[in-house]
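Got some structures for you, see below.
Next come two complexes, and both contain chain A; in the first it sits with chain B, in the second with chain C.
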Partner chain A sequence: MDTLILVIIGLVAGPVIGGLVAGLDRRVTAWFQSRQGPPIMQAFYDVAKLLGKEKMVVNQWQILCAWVYLIAAAVSVALFFAQGDLLVIFFVQAVGAVFLVMGAMSAKSPYSQVGAQRELMQILAYEPVLILVFVGIYLVTGSFSISSVWELEQPLLAKMPLLYLALGYALTIKLRKSPFDFSTSHHGHQELVKGVLTEYSGPYLALVEIAHWYETVLVLGLCALFWSTNVFWMAALLIGTYALEILVDNTMARMTWRWMLKRVWLLGMGMSVVNLIWLYAG
Partner chain B sequence: MFGSFIKKSRAKSPWIMHFDCGSCNGCDIEVLACLTPLYDVERFGIINVGNPKHADVLLVTGTVNHRNKKVLKNIYDQMPEPKAVIAIGACGNTGGVFRDAYNVVGGVDKVIPVDVYVPGCPAKPEAIIDGVVVGLGKFAQKVEEAE
Partner chain C sequence: MSNLLFLLILLPAVAAAVCYFVRSSAVRTLTVLATGAVLTAASLALLGQETSVPLTVGSVLGIPSDFLIAVLDFALLGVIFMYGVKHKSLLIQGFTLAQAVLLAWFELFMVKSAEVPAFAGDQISVIMVLVVSIIGSLICIFAIPYMKEHEEHLHLKKSRQPQFFFFMLLFLGAMNGLVLANNILWLYFFFEVTTLCSFMLIGHDRTEIAIKNSVRALWMNSLGGLAFVVGMMLVYSKVGTLDISAILAGGPQGALMVTGVGFLCLAGFTKAAQVPFQSWLLGAMVAPTPVSALLHSSTMVKAGVYVVLRFAPAFEGTLLSDGVAVCGAFTFLACAALCIGQSNGKKILAYSTVSNLGLIICCAGLNTPLAITAAVLLILFHAISKSLLFLCVGAIEQAIGSRDIEDMRGLYAKFPRTATITIIGILTMLLPPFGVLMGKWMALEAAAANIYVIIMLAMGSALTMVYWARWGGLLMATREAEAPREKQAGLISLPLMTLCLGAVVLSLASPWVYNSMLAPMFNAPPFAVSFGSLDAATGSFAVVPLFLALGLGAIYAVKAASGFRKVKIVAPYVSGSNVGEDGTYIGPMNGPVPFAAGNMYLGEIFAEGRLTPIFNALAVALIVLMLGGAL
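So, the complex of A and B:
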């Protein structure tokens, strides 16, 4: 019964938190550029408007792919809130990510195709890091289940600081922020138009957007696990991490996928492996 | 309740797409000036998108000629309903100083239906923002009539 309630809380809170975070993000970004910026609720207005638009698709695949992406993201957040198994969460969100790429691949438009290739590269870069973070959690707690993290006396961050830094890479890629925003190009009038999202329009774009909110909440939730012992410090950690994320987004140019693979695999996975060896030996 | 939220949101998040039908670039830089911190149209939820499939409002600058009228029509057709078209500058409205040239069709309304005409050569950013606001009113009206 408790699990069911947690699942429902996760399903409802996911988009609400994700949308607010997206709105705040735009607000802070505008502040960086000495502008006023849109209202905090802007992300909800955007999605509501998109839901009310005409349904236009290039082919039927896109409808399926948008829905699977959304459902996978929602299920992974629900599992996270229900204290599920980290590996199951990982596989469910990976299915969603792959379906987004398939939807983009199904259209012939070159923008969408190139965006899909780049999105695949991004998946290739962040998935190993996520897995290594989960392995680290296993080495510390002896289980892949989230509930075991809550039983810890000491925050995870003390045991796996390098893995947290590596998770920062995954967070930047997952949020599609500079310097890793090359699959969707943050601003829609750049070289890629909107990459994977080019061929989605109207309500289907709204579905993809909501799914993206869920994913944001999921990755932020993973970050929250690193200071599970104290709610206050957990909030401070999350706010600090996200503020840093926005700062990086605003001060970096977009890089190439080769740069990303080198950086994330060498630095991100390097740090993770060092941390894992330390955990294993120590 | 959700329906009325959608309706309200339409006016709060107009994504514009900007198409240049052979303008002298005067009107285009004014459109882009709207995005700068001085005018900051993003505070009204306006985003400049590069993709007709995501756009609600089409801003057209420059005179339409026989080359680009097909492109203009194509872009217009790719935008999902409800949508609005705003012609900007003397050229977009009527053909401007180029209206007598042999390759010129005339204003934007010769090819696609236009909702709002923003005058000026070039049109001022304030006038363009005004035009978008009036355009939103029009498209709210259109949606109402369609229902």
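So, the complex of A and C:
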């Protein structure tokens, strides 16, 4: 019963928090750039406006894929709140990621196609890192279930500092922030064409946007696990991490997928492996 | 039970002979259909039987059966040797000769004649029998219309289908014998029969390339056969019995015996096409598609992983076990990487098969109840999904004349049925809540305690995602409202639909499959099942709840998508003015320019030609380490 309540809380709170984070993100970014910036609720207004637009698609698969992306993202957040198995949560999240790519590939548009290929490169970069982070959690707690993290006396961060940094890489990619945002930005010098998102429009783009909010909550939830023992420190960790993401986003130029693959596989995996060796030896 | 075994092992051989000698296509069709039906029924009937009671086969027509098998063994080696001479392959001749000499030595001087029950089964054998009998039969049924069209395409004067179906059916019988064998010499006999069948089937089209590849398959598998004989002799010299269940019951017994088991694993590696032996399976792609489907899903390669899995208790807790796990994980990673660079549909399937087999072997090496469960579930679900995908590629190839995935772009527009089934097949290989992914999840959880293995599995898992997702995506396209319906022959449609449904329904039923078939194998079963969810101390997979959530969601999404004709359909954005049809824009000289996009195959990183020698060298080193570690 408790699980069910938690699931419902997750399903409802997910997009609310995700949308607020998106709004705050834009405010802080504007502040960085000495602009006024939109109201915090802007993300919700945007989605509401998109939902009211005329439905237009290139083909039916996009409708299917947008919906599945949203549903999988919501289910993965629900599982997270239900204290499920980290690997399962991750694979359910991957359902959404795969469908987003497939939907983009179904449209015969160069931007959408290129964006889809780049999104796949992003998945290729972050997936092994995430799995290794979960392995680290398993080594500390003896289980892949989130419920076992809450029983810890000491925050995960103390045992897995390097894995947290590696998770930061994965987080940046997953949130599609600079320098790893190439799958959703492609066109000489403007942002009107959005790579993998190019052909999603109107209400379907709104679905993709809401799904992205769920994903934001999921990755922030993962970060939160690293300081599970104290709510205030957890909040501080989350705020600090996200602030750093925004800073990186605004100070880094977009890079190529080759740069990303090398960086993340060498540095991200390298840090993960070093940290894992401590845990195995310890 | 003896009647069932007769049906499962001898009936296919008899039916094979009928196909060979009665050269009427109607009789052949009927024979294949009837054999398929009987095999399916018999394998299902085996489910309700007590299979663990060993079964002795006394004598056949007054000749002791063990003696008969020995004679057949040498006859078989003779046939293989003759083919070695015919194709001037010194490797085949050498390996076969060495096998014959060692086997003669073994049977004449080493084996003290004692009655050993020829057959016995356990849960793993029963699952294998189901895979072989049901999936194998469906592939043979698919082959009926497929081979007809195949031969029309080749303009043959005289049909070679009698030989084709002879070896296809014989293969099924040999596989059933292999997985039920309890006498290691019988196991060896059936092992060699599958080698010969695969050789004949790969070379079926008799083109230069087909013959070349079949010869390569034969020498590699003869090497495997030789490793098998050596392993058998080493194990016997320590344990002193041919009885597999007795060998396993004793567990690892000293370096000599474990090394012997290591050689048996090596034999399994060659048959399961693990790196560096992957090239024979890749070469086997020249054969007609039903052959590929059979080799990759229910027969040949599964015999390889079965042997490793069968002997897993005999090396539990040894260094060999770790070696097997690392070799398997390496194959999983290496072949997933090689797969990224491929655009040939069959090659993608081949590399992904080898990759998955690596994962199964890795699980056998991890050797915990959780890992063994993962291995068996992977065998089962991989067989269903992979046979489905091979048959889809076969159907697509006959429809569009190409097996290149770039040529399959927008397949849905013309062949909605085949394309949809292929997409479902791809999803069942890749995503939760389907069985293959569940097996992978178990494998990851089982491997988490081994740092070398888990790193390779984590990387391989990501690579897998890329090659499946891009293939699935490019099949999707818009379909014109007035496009004609796709026609599919009944005997093509039946296997495709059955396998497709099977992949989905059986995934949903996996908690019960686990409970009834796998859990009884262990003293301490790894999972408890509650509310359709598999729960363990290390984690849980909520199969049924996930099916409900994602399944209902998917149904809703399909419903939303099916109303697309009410939605405005627009041309894709091409940063200029669209003209005419899809994907054309006004370019220079004011003329229409079509655009084309291709997948990224990451040639600079994952080039097959450059990586293969490196991977092969590493794999040889790992295998040497594995065998050396056993000593």
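Definition applied: the second predicted complex is superposed on the first by the 276 of 282 C-alpha atoms of A that agree within 3 Å, B and C clash if a C-alpha of one lies under 4 Å from a C-alpha of the other, contacts with A are read in each partner's own complex, and residues count from 1 in each chain.
Criterion: contacts are C-beta pairs under 8 Å (C-beta built on N, C-alpha and C of every residue); 3 or more make two chains touch, one makes a residue touch a chain.
Note that the structure is predicted; figures quoted are calculated from it, not measured.
Asks: For A:84, using the defined touch cut-off, is the partner it touches chain B, chain C, both, or neither? Pick first, second, both or neither.
Replies: second
Asks: For A:194, is the partner it touches chain B (first), chain C (second), both, or none of the two (neither)?
Replies: First partner only, chain B.
Asks: Once the shared chain is lined up, is A:205 touching chain B (first), chain C (second), both, or neither of them?
Replies: first
Asks: After the superposition on A, what does A:277 contact: first (chain B), second (chain C), both or neither?
Replies: Touch partner of A:277: chain C, not chain B.
Asks: Quick check for you: in the superposed arrangement, does A:35 touch first (chain B), second (chain C), both or neither?
Replies: Only chain B; A:35 stays clear of chain C.
Asks: Touch test for A:56: chain B only (first), chain C only (second), both, or neither?
Replies: both
Asks: Could you let me know whether more residues of chain A are touched by chain B or by chain C?
Replies: Touching more residues of chain A than the other partner does is C.
Asks: Which of the two partners, first being chain B and second being chain C, lies in contact with A:117: first, second, both, or neither?
Replies: second
Asks: Need the overlap of the two footprints on chain A, from chain B and from chain C, as residue ranges.
Replies: In chain A, positions 54-56, 187, 193, 198-199 sit in both the chain B and chain C interfaces.
Asks: Please output the residues of chain A touching chain C within their complex, sorted ascending.
Replies: Listed in rising order, the residues are 54-61, 63-65, 67-68, 71-72, 75, 78-79, 84-88, 91-92, 94-95, 98, 101-114, 116-117, 120-121, 123-125, 127-128, 131-132, 135, 138-139, 142-145, 187, 193, 198-199, 261, 269, 273, 276-277, 280.
Asks: Which part of chain C faces chain A closely enough to touch in the complex?
Replies: 410, 412, 430-432, 437, 441, 444-445, 448, 451, 454-455, 457-459, 461-463, 465-466, 468-470, 472-474, 476-479, 537-542, 546, 549-550, 553-554, 556-558, 560-562, 564, 566-575, 582-583, 595, 597, 599-600, 605
Asks: Where on chain A is chain B touching in the complex?
Replies: Listed in rising order, the residues are 26, 30, 33-39, 42, 44-46, 48-49, 51-56, 187-190, 193-194, 197-202, 205.
Asks: Note which residues of chain B are touching chain A in the complex, please.
Replies: Touching chain A: residues 2, 5-10, 12-13, 15, 37, 40, 42-45, 47-51, 53-54, 56, 78, 80-82 of chain B.
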